[in-house]
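Below, chain A partners chain B and then partners chain C, in two separate complexes.
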Partner chain A sequence: MFDILKELIFSSGAVSLTGGNLVMWLVSFVLLYLAIKKQYEPLLLLPIAFGILIVNLPLTFLMEPEHGLIWFFYHYGIEMDIIPPLIFLGLGAMIDFGPLIANPKTMLLGAGAQAGLYVTFFAAVLFGFDLQEAGSIAIIGGADGPTTIYLTSKLAPHLLGATAVSAYAYMALVPIIQPPMMKLLTSEHERKIVMTKLRPVSRLQKICFPIVTGMTIMLVVPPAAPLISMLMLGNLFKESGVVERLTNASANELMNIVTIFLGLSIGATMTATTFLNPKVLFIFFLGLFAFVISTAAGLLMAKFMNLFLKNKINPLIGAAGVSAVPMAARCVHKVGSEANRRNYLLMHAMGPNVAGVIGTVVAAAILLKNLG
Partner chain B sequence: METDWSKVFEVFGSGIIGVFLVMILLQLLTQLSTRIIDTIENWNKGEEAEATPKK
Partner chain C sequence: MPELLAPIAGNVWKILVAVGDKVELDDELVILEALKMETPIYCDDAGTVTEIKVKEGDAVNEDDVLIVID
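Presenting the complex of A and B:
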């Protein structure tokens, strides 16, 4: 009897617990708190936090190659590039490109914000990361979770947990991080600029946009194909108006299902041995740097465009060039309406916001082409 | 490991230029396609108006 009890105790995971496991439990509990209590990106943070918790329970072997349950999710979903494109399919079915079609100039703001990403690439190399790691860290500045995961899984899979959590955390923190940058880089007068109403966009124009844009991007930067093709297919489902069931399935059921597998898999990459080292923790700092610089680059791009435009744009909308849809656009609208109550910037900011999604994918594809 | 700075500058420069070129190309194509569609739609409207008998 005593021997059985002794064997049970010594074969349990409890005796194999390490200090690192306990620290990771703490990280998991903090993320659970942020997801449940503060509701910061709960759809992603909750499964990520739970993934961290269970993978740091010794002897469960959930991430054991060829055996562990979550390893299969990770291997087939992320390593084989299935989940991020499916997330993009759902995103495409939810996005409205109308404001971008109505004001195509805002495409440049989506490009401007990506400049911050390359500045971070440079900074990460200066801090001792290799080129592939630097590329994976830089893409955090795009504030686009699926693209970050897609690129990191190709360039630096060992950093996947840190870059993904960092990207989603900063997306959730848009309302805290962006407004000070907006106020710092624009004058009161600039924030008060009222933009003219967007012109109406016909259904045919909305149908043609995903076809023309998708074809162009895939022809020019083929590595963008997995993400951009799914984004544009989802959007075509929505705009065609003839496949309502597919639109709903992409935007709801499919999106929700893959979000569960994505969150769990990302969380499960964050074991104590891979996560708890100064280099990985430094990624959170560089991620914040990337996001701040991208926001600044978008704002400065808008100010630069105003030097040449007859009808001035409100430079705040440049901050929406990062692709945190629609939080960045909402944040622009809020700051704009604080400066001028008559200012309704939401739809104007949605243009650069969706251009930011496209811009981040293009930037990731170029990084992949150069570093992959 | 020694950092290949020429590669760093190449990635940095080609990345920034590449993103801008692609986005400018998309802007021009969007403007062009919307103009073409506008012209076609206006032309169709004109034809429909002509086909409708005046009261």
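Presenting the complex of A and C:
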């Protein structure tokens, strides 16, 4: 009887618990709190937090290669790069390129805001990360979750949990991180600028955009193809207006389904041994640095463009060049309306915002081409 | 007769006035919801609300008439 009890205790996970596991439980509980109570990106944070919790229960072997349940999700979904492009399919089916088509010069803002990526890349190399790791960290500046995951899983899979969580964290923290930067780099007078109305965009233009832009980008930077092709296909579904069921399936059901597997798998990469490492804390710091530089670069780019433009743009929309859609555009709108309550920048900010998504993918493809 | 137009496309979240109400410049008349964000729309002229063209929950396009003020 005593032997059976002893056997039960020693085969239980509890005796194999490490201090690291307990710390990771704490991380998981904090993230659960942020997701449930504060509603910070709960759709992602909740499965991520739960993933962290269950892989830090010893002897469950959920991430055991070839055996564990979540390992299969991770292997087929992320290691084989299936989920991030599917998320982009749904994103394409949701976003409206209209403001970008109406005001194509905002593409420059989406490109300008990627400067933070390159600055951070060199900073990370200086701090002793290898080139592949540095690329994965730099892409956090784009504040685009799926692209960050896509790139990290190819370049530095051991950093996946840290880069993914920081990309999503900074997306959620846009309303806290961006406004001080915006106020610092623009004058009250500039924030008050009311922009001229966007011209109407025809259906034909909206249909041609994903086809022409998609082809151009894939011809110039072929490694961008998996993400860009899916993004443009989703957008073509939406703009064609003839496949509403496919549009809805991409934007809702499919997106929700893959989000579950994405979140759980990302969380499950964060075992105590991989995550509790001084490097990881540093990744959060460098990621924040990347995001701040990207925001500043977008703002300065907009101010620079104003030197040449007759119809001035409101430089705040430059901050939306990071690709956190639509958080960054919302944030621009809010700061703009604080300066001038009749300033409705939302749609103007969506132009650089969707351009930022494209810009981040192109930047990731360039990093992949040179480092992969 | 001055009209209050929707400055951006979105859904009508709340209508804060009723027909017959006296309104002042800069009063908040309608709150639109676009991209999950509430955007208050302010009155451009003082006067009396004579007609409300939309109801809560309606989807509106840019430049649609929301409220007519006399």
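Quick note on the criterion: the second predicted complex is superposed on the first by the 372 of 372 C-alpha atoms of A that agree within 3 Å, B and C clash if a C-alpha of one lies under 4 Å from a C-alpha of the other, contacts with A are read in each partner's own complex, and residues count from 1 in each chain.
One rule holds in what follows: contacts are C-beta pairs under 8 Å (C-beta built on N, C-alpha and C of every residue); 3 or more make two chains touch, one makes a residue touch a chain.
Just so you know, these numbers come straight off a predicted model, no measurement behind them.
Engineer: Clash or fit: chain B against chain C, after overlaying the two structures on chain A?
Structural biologist: Once chain A is superposed (C-alpha atoms), there is room for both chain B and chain C without a clash.
Engineer: In the superposed arrangement, which partner chain does A:329 touch: chain B (first), chain C (second), both, or neither?
Structural biologist: The answer is second: A:329 touches chain C but not chain B.
Engineer: Should A:339 be classified as contacting the first partner (chain B), the second (chain C), both, or neither?
Structural biologist: A:339: touches no partner chain.
Engineer: Could you say whether A:347 touches chain B, chain C, both of them, or neither, answering first, second, both or neither?
Structural biologist: second
Engineer: Looking at the overlay, what does A:35 touch: chain B (first), chain C (second), both, or neither?
Structural biologist: Touch partners of A:35: none, neither chain B nor chain C.
Engineer: Give one of first, second, both or neither to describe whether A:367 is in contact with chain B, with chain C, with both, or with none.
Structural biologist: A:367: touches chain B, not chain C.
Engineer: Taking the superposition as given, does A:173 touch the first partner, chain B, the second, chain C, both, or neither?
Structural biologist: In the superposition, A:173 touches no partner, neither chain B nor chain C.
Engineer: Looking only at contacts as defined up top, I'd like to know whether chain B or chain C touches more of chain A.
Structural biologist: Chain A has more residues touched by B than by the other partner.
Engineer: May I ask you to decide whether A:114 touches chain B, chain C, both, or neither, giving the answer as first, second, both or neither?
Structural biologist: So A:114 only meets chain B here.
Engineer: On the overlay, how many Å separate the closest CA atoms of chain B and chain C?
Structural biologist: In this superposition, no C-alpha atom of chain B lies closer than 21 Å to one of chain C.
Engineer: Of all the chain A residues, which ones make contact with chain B and with chain C?
Structural biologist: Residues common to the chain A contacts of chain C and of chain B do not exist here, since the sets are disjoint.
Engineer: Going by the contact rule set out above, which residues of chain C touch chain A in the complex?
Structural biologist: Where chain C meets chain A, its residues are 7-9, 26, 34-37, 39-40, 42, 62.
Engineer: Given the complex with chain B, which residues does chain A contribute to the contact?
Structural biologist: Touch list, chain A to chain B: 100-101, 104-105, 107-108, 110-111, 114-115, 117-118, 121-122, 125, 130-131, 135, 201-202, 204-205, 208-209, 212-213, 216-217, 220-221, 355, 358-359, 362-363, 366-367, 370-371.
Engineer: Can you check the complex and tell me which residues of chain A touch chain C?
Structural biologist: So the residues of chain A in touch with chain C come to 197, 326, 329-330, 333-334, 337, 341-342, 344, 346-347.
Engineer: If we count contacts the way the header does, which residues on chain B are in touch with chain A in the complex?
Structural biologist: Going by the criterion above, the answer is residues 1, 3-4, 7-8, 10-12, 14-16, 18-20, 22-27, 29-31, 33-34, 37-38, 41.
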